[in-house]
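In the two assemblies presented below, chain A is common to both, partnered first by chain B and then by chain C.
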Partner chain A sequence: MLAQFGFGVLVLTFLLALYSAGAAITGYVRKSFRWVESARLAMQLTFPLTTLAAGTLVYLLATNHFELQYVWSVVSRDMPLYLKMTALWGGQAGSLLFWSWLMSAFASAVTLRKWDRDREFLPWVVIVISVTLAFFLAMNIFFLDENPFARLWQTMSGDVVLGVFQPAGTFALTPSDGQGLNPLLRHPGMIIHPPMLYLGFVAFVIPYAFAMAALITGRTDDRWIRITRRWTLVAWLFLSGGLVLGMRWAYDVLGWGGYWGWDPVEIAALLPWLFGTPFLHTVIIQEKRGMFKQLNMVLIIVTYVLVIFGTFLTRSGVLSSVHAFAQSAIGPMFFVFIGISLIASFGLLIHRWGDLRDETSLGKMSMLSREALFLLAALLFGGFFIVSFWGILYPIIYEILSGQKITFGPAFYRLPVAVILGGLMVLMGMAPLSSWTFGSLKTIGRAIWKPAIPSAIAAVTIFALGMKNWLALTGFTLVAFVIFVTLYEFWRAAWGRHKTQGENIFAAFWNLFRRNRRRYGGYIVHIAMVIMAVGIIGIEVFQTTTQKSLAVGESLEISGYSIRFDSLAQFPTTDGRWVTRAVMSVSRDGKTLGELYPRYDLYPDGQPMTIPAVRSTLADDLYVVLVNWEDISQSQAPFKVYHNPLLIWLWIGSYIFIGGILVTAWPEKDS
Partner chain B sequence: MKPVARKALRFTVYVLFILLAALQTSAARAQTPTPPSDDAVNAIARELFCPICQNTPLDVCPTEACRQWRELIRQMLAEGKSEAEIKQFFVDNYGARVLSAPPAEGINWLAYIVPPVMFLGGALLLFQAFRTWKRTAEEPADGAAAGKRSAPAADDEYVSRLEAELKKRR
Partner chain C sequence: MGSGRLKFIVGGIFILAAVVYLIFASMNENAEFFMTVDELQARSQEVVGRNLRISGAVVGSTIQYDPQTLALSFEIANVPGDNAEIEAQGGLAAVLHAAVVDPARTRITVVYYGARPDLLRDEAQAVVTGHLGEDGVFYADEILLKCPTKYEQAVPDQAEGN
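For the complex of A and B:
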């Protein structure tokens, strides 16, 4: 009953979204304010409705309604309540509904903004968002496999069929317990990671909708960019946060000793980021100089398409990996939707191409001006995208043509990505010092030598300390360079305030941030990025690993640490897991540093889950895995240990990063 | 067929295959005093991908099949096989997908050629664009370019004031 209610609400929302798009078109054609207003209100109403639908599903999940196929597949009686509720996005059908729910939240939020000054955008923004929302709702409604409200029915011959309503000649089937959530997903990181990522995804729909509105209405000035600036930042914040959380989850849960495995599904989430990031930068230039209008359009269109594409990749089963839950029938629909979006967007863009000419002549722009460096950065991001995208696409093409699978692992990505990230760091160091339009070697050189000196000193120091790996040395030098450049920028501006306005230096710093949040928040993000790079260089270049089967009392050695196997215990938990837990003591140079408890949990359904024990310090991580796939006994157990130097800086950097974006996106009083 | 049954069947086939392979190789096994260490096995396994689970490196794959594959690697190492030979054995038996990147031969050259070519294409495009912009700017409006700029165009009035002050100080 409740399930049918939920489904009914879903259908109603779908119709409402369609109505909203239709009313907006009518309003535009008839120049009728009332129709457009009706469309706006309809879009606003989608949020309460999807909330009702999602709420219904959450209730059904929490109350063990195993007669629903979706509930049965992601919930079991022994799961704690919060996991049951978050199982909303633990499977395919639910996560699509969750997607729609977040999308409608952004849709409603957009309708609430002050539209007075840009009324002409409204119908088109409504259409783009409503159509996107309707598409995702349609996946839930028209495909039984993707319908979270579909019930299990049994025919007389014993077959189990799906249906929202009772098919003739069947009787209701209510399993006594469900399968439960995949143990890999029962982790705090996995609970927050999908919502973050999805928020990032759906938020990028908003700037895209405004971009389309600008193209259709011909208001191709920077109005749409100014409106969506903050939306874009929010989208970028969530997308970046989602990516980092995914890394953290992989590190904490997968037991592979790493944070990123170049799994196609990871890449699928990275792709929109690779276009969203340069977009965030080049819009600044359009705002300030009226340049790169065409480029910005291209960037936001591709970002939007990649958002849909990323969802398609992970939801269609075209890749099967740890993330992709199921094979499904919705793949072709996504394909069509992506195709239509691409054709329509680029068609419009070509139609308006002439109107999007640069207001300032690009001819005066020198190759070392800030604009040019931004373009170069966009090119590097493009290169990053090509490598990643090709790494996903080529195996699919290959499989279609030859029927055989091939794998693109880290070996394929490592070199090009390292080079590109290095290049981006060089640009992060140069761009803040370059001047608009007229930048030259001379102007950059005049500014660059000050931060370059401490960077060189840092490089020499690192070298003298024994760092002989040229790759890491280059990386660390670039990190130092970016940090010094950015600090120099802070200092230069604060000192200027101090001198000209007589503010004391601390007040000057404070005012700097207050007066120009976007710029200095952005610089904090730069610093955060290179701090994250320290962690990445640390693990990528210096990771060591060893595996050994130890008897109680025996130790293994890794990178100066000695790890002794003290004891092993096995015990059940209240939620039905069977835990095997080892006690290890870590020492270095004879000094005991503490204990570690690597373990693995056997879930009731027989799925094992390895939980590594990690000892993190600023210098390095010790990552100990109880190797559950080899023979384990009370007296003898195999352990795999990773030594991950500097990895913690990846997480520290990500905290700073979030802080930086918050500074940038924090509402400013209109001046 | 149910996925579980299919998996079980596939698994049995694999195991039989491995056993056959193991029998074959053990017949010709050379005596070695110390068995190869886990690290030696993992060093090769981490370069290979599990042939059944997608995108899972062989050194961390927890399935029973992979455990046996690692044992196979150990055995082959004990027989004195080189890393290349072992990898080749896996490729011959399970296809190129066990490698962490396809070998750069035949059609698979595309995998390595396309990204750099596209990137260089993009770079060239950008460079061309620069030159066209330069040319179009130089032709008509020479006077505009000659119009001396006051400061190295700063991005807001605040910074330009700051620049000016800094100059004064010098």
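For the complex of A and C:
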């Protein structure tokens, strides 16, 4: 009953989204304010409706309605309530509904803004968002495999079939328990990671919708960028946060000692970020100089398409990957939708290409002007995209041409990505000190020598301390360079205020942030990025690993640490897990530093989960894995240990980074 | 204006060329051939020493593990590489089962040094990365395992309490 109600609400929402798009078109054609207003209200109403549908599914999940195929596949009786509820995005069908729910939330929020000054955008924004929403709802409605409200029915011959309504000649099938969520996903990081990523994905639809509205209406000034500036920042915050959380989850749970494996699905989530990030920068140039209008359109269109593509890759089973749940029939539909979006968007862009010409010719810029450096950064991100995309695309092309399947491991990405990230760090250091239009070696040199001196001192010091790896040395020097440049920028601006306005130097700092949040918040994000780079260089260049089977009392040595196997205990938990837990003591130079408890959990259904124990310090991580096999005993156990220097800076950087974005995106009083 | 833009075009092309060069420089070394056991047998001569990724069904009775030296060896039996073919033969679980019980299937011995993975068991799907030795044994650097029986089942097998 309830499932059919939920399905009914979904269908209603779908029809409403279609109506909203249709009414917006009618309103535009008839120049009728009332039709457009009706479209706006219809789009607003999608949010309460999807909330009802998603709420119904959450209720069904929480109350063990195993007669629903989706509930049966992601929930089991032994799961705690919060996991049952978050199983909303634990599988394919629910994830799509969840996507639609977030999309309609943002759609409703957009309808609530003040539209007085940009009425002409409204119908087109409504159309773009409603069509996107309708597409995702259609996946849930028209594909039984993707329908979270589909019930299980059994035919007389014993086959199990799916259907929202009872097919003739079948009877209801109610399994007594469900399969439950994959244990790997029963982790706080995994509960927040998908919603964060999805929020980032979905929020990018809004700037795209406004970009399309600008193209269609011909209002190709920077109005659409100013309206969506904060949306873009929010999208970027969630997307970046989602990526970092995914890394954290991989590190804490998967037990392979790393944070990023260049899995195709990881790349799929990264791709929109590689276009969204330069977009965030080049829109500044459009606002300030009236340049890069065409580039900005290209960037936001591709970001949108990559958002859909990312959802498609993670959900279609096109690529074999640890993330893919199963094969599915919706792949071709996504492909068609992406194709139509690309053709329509680029068709419009070409139509308006002439209107989007730079107000000042790029040719008048010097190669070291700020405009040129921003363009260069966009190019490097483009290069990053090519490398990542090639890693997905080339294997597909190669297989079509030769019939031979190939894959790329992480090693393929290492060199190109290291070079590109190095280049981006150089730009992060140079661009803040460059001048508009006429920048030259001389003007940059005049600004840069001060921060360059401490950077050089830092480099020499690191070298003298024994750092002989040139790759890491270059990386650390660039990190120091970016930090010193940024601090110098803070100092220079604050000192200027102090001098000219007589402000106390601390007040001057405070006012800097208040007056120009975007710029100085952005600088904080730069610092955060290079601090994250410290962690990445640490683990990528200096990770060491060893493995050994230890008897109680025996130790293994890694990078100066001694790790002793003290004891092992096995016990059941209240939720039915069977836990095997080792006690290890860590020491260095004879001094005991503490204990570690690597664990191995066996779930009631036989799914094992290895949970590493990590000792994090500012200098390094010790990452100890108790590796399971059936003949484990109280006196002997195998361990794998990773030594990950500096990794903690990856997480520290990510906290600073969130702070920086909040500074940037915090609402300002309209002046 | 022409010459002004030209420097950007040249600069852009230069960067693109550098990216393409970097891709090709690391592509040749790092591409792994993804093969079935049958394909590996058929082309064993030409792929010795190359980076390979082989997928097959773990034959449980052949698993040998020495916890002292962490030496692990097992055989994998050929399963089709194509997803459509797997579906046509009744799904991954059925295909893996058929591969293991059929003594006529091509098999290859995999040797790995390291802790025994959690999911290594009879009729698991193994994807092993490494290279083929001159001796016809596959030396794996990495083992990925999937137990399909649970998570890829779309509907329950049988009715319970209508």
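We take it that the second predicted complex is superposed on the first by the 662 of 671 C-alpha atoms of A that agree within 3 Å, B and C clash if a C-alpha of one lies under 4 Å from a C-alpha of the other, contacts with A are read in each partner's own complex, and residues count from 1 in each chain.
Keep this in mind: a residue touches a chain if its C-beta (ideal position, glycine included) is under 8 Å from a C-beta of that chain, and two chains touch if they have at least 3 such contacts.
Fair warning: this is a prediction, and the values are worked out from it, not measured in the lab.
Colleague: For the overlay on chain A, clash or fit between chain B and chain C?
Modeller: Overlaying the two structures gives a clash between chain B and chain C.
Colleague: Have a look at where A:Leu173 lands relative to chain B and chain C in the superposition and call it first, second, both or neither.
Modeller: second
Colleague: A:Thr437 in the overlay: touching chain B, chain C, both, or neither? Say first, second, both or neither.
Modeller: Touch partner of A:Thr437: chain B, not chain C.
Colleague: After the superposition on A, what does A:Lys499 contact: first (chain B), second (chain C), both or neither?
Modeller: first
Colleague: Does chain B (first) or chain C (second) touch A:Arg30, or do both, or does neither?
Modeller: In the superposed model, A:Arg30 contacts neither chain B nor chain C.
Colleague: Contacts for A:Ile406 in the overlay, against chain B (first) and chain C (second): which applies, first, second, both or neither?
Modeller: A:Ile406 contacts both chain B and chain C.
Colleague: By the touch definition at the top of the document, which applies to A:Arg357: first (chain B), second (chain C), both, or neither?
Modeller: neither
Colleague: Going by the contact rule set out at the top, does A:Val419 touch chain B (first), chain C (second), both, or neither?
Modeller: It touches chain C, and chain B stays clear.
Colleague: Just to be sure I read the superposition right, which of the two partners does A:Pro638 touch: chain B = first, chain C = second, or both, or neither?
Modeller: In the superposed model, A:Pro638 contacts both chain B and chain C.
Colleague: Just chain B (first), just chain C (second), both, or neither: which does A:Gly383 touch?
Modeller: In the superposition, A:Gly383 contacts both chain B and chain C.
Colleague: Can you give me the overlap between the chain B contact set and the chain C contact set on chain A?
Modeller: On chain A, the residues that contact chain B in one structure and chain C in the other are 322, 361-365, 367, 372, 375-376, 379, 383, 386-387, 390, 394, 398, 404-409, 411-412, 416, 547-549, 608, 610, 628-629, 638, 640.
Colleague: Report the residues of chain A in contact with chain C in the complex, numbered from low to high.
Modeller: For this pair, the touching residues of chain A are 69, 72-73, 145, 152, 154, 158, 160, 162, 171-176, 179, 182, 317, 322, 325-327, 361-365, 367, 372, 375-376, 379-380, 383, 386-387, 390, 394-395, 398, 404-409, 411-416, 419-420, 547-549, 605, 607-610, 625, 627-629, 631, 636, 638-640.
Colleague: Mind listing the chain A positions that touch chain B in their complex?
Modeller: Going by the criterion above, the answer is residues 254-257, 261, 263-264, 288, 319-322, 361-365, 367, 370, 372, 375-376, 379, 382-383, 386-387, 390, 394, 398, 404-412, 416, 435-439, 443, 492-493, 496-497, 499-500, 515-516, 545-549, 608, 610, 628-630, 638, 640.
Colleague: Given the complex with chain A, which residues does chain B contribute to the contact?
Modeller: Going through chain B, the ones touching chain A are 37-39, 42, 47, 49, 54-57, 60-64, 66-67, 95-102, 107-108, 110-111, 114-116, 118-119, 122-123, 126, 129-130, 133-138, 141, 144-145, 149, 152-156, 158-159, 161-162, 165-166, 169.
Colleague: Name, in rising order, each residue of chain C that touches chain A in their complex.
Modeller: Residue positions touching the partner: 1-8, 11-12, 15-16, 18-20, 22-23, 25-27, 29-35, 51, 53, 65, 67-68, 70, 81, 83, 87, 114-120, 129, 144, 150-156, 158-162.
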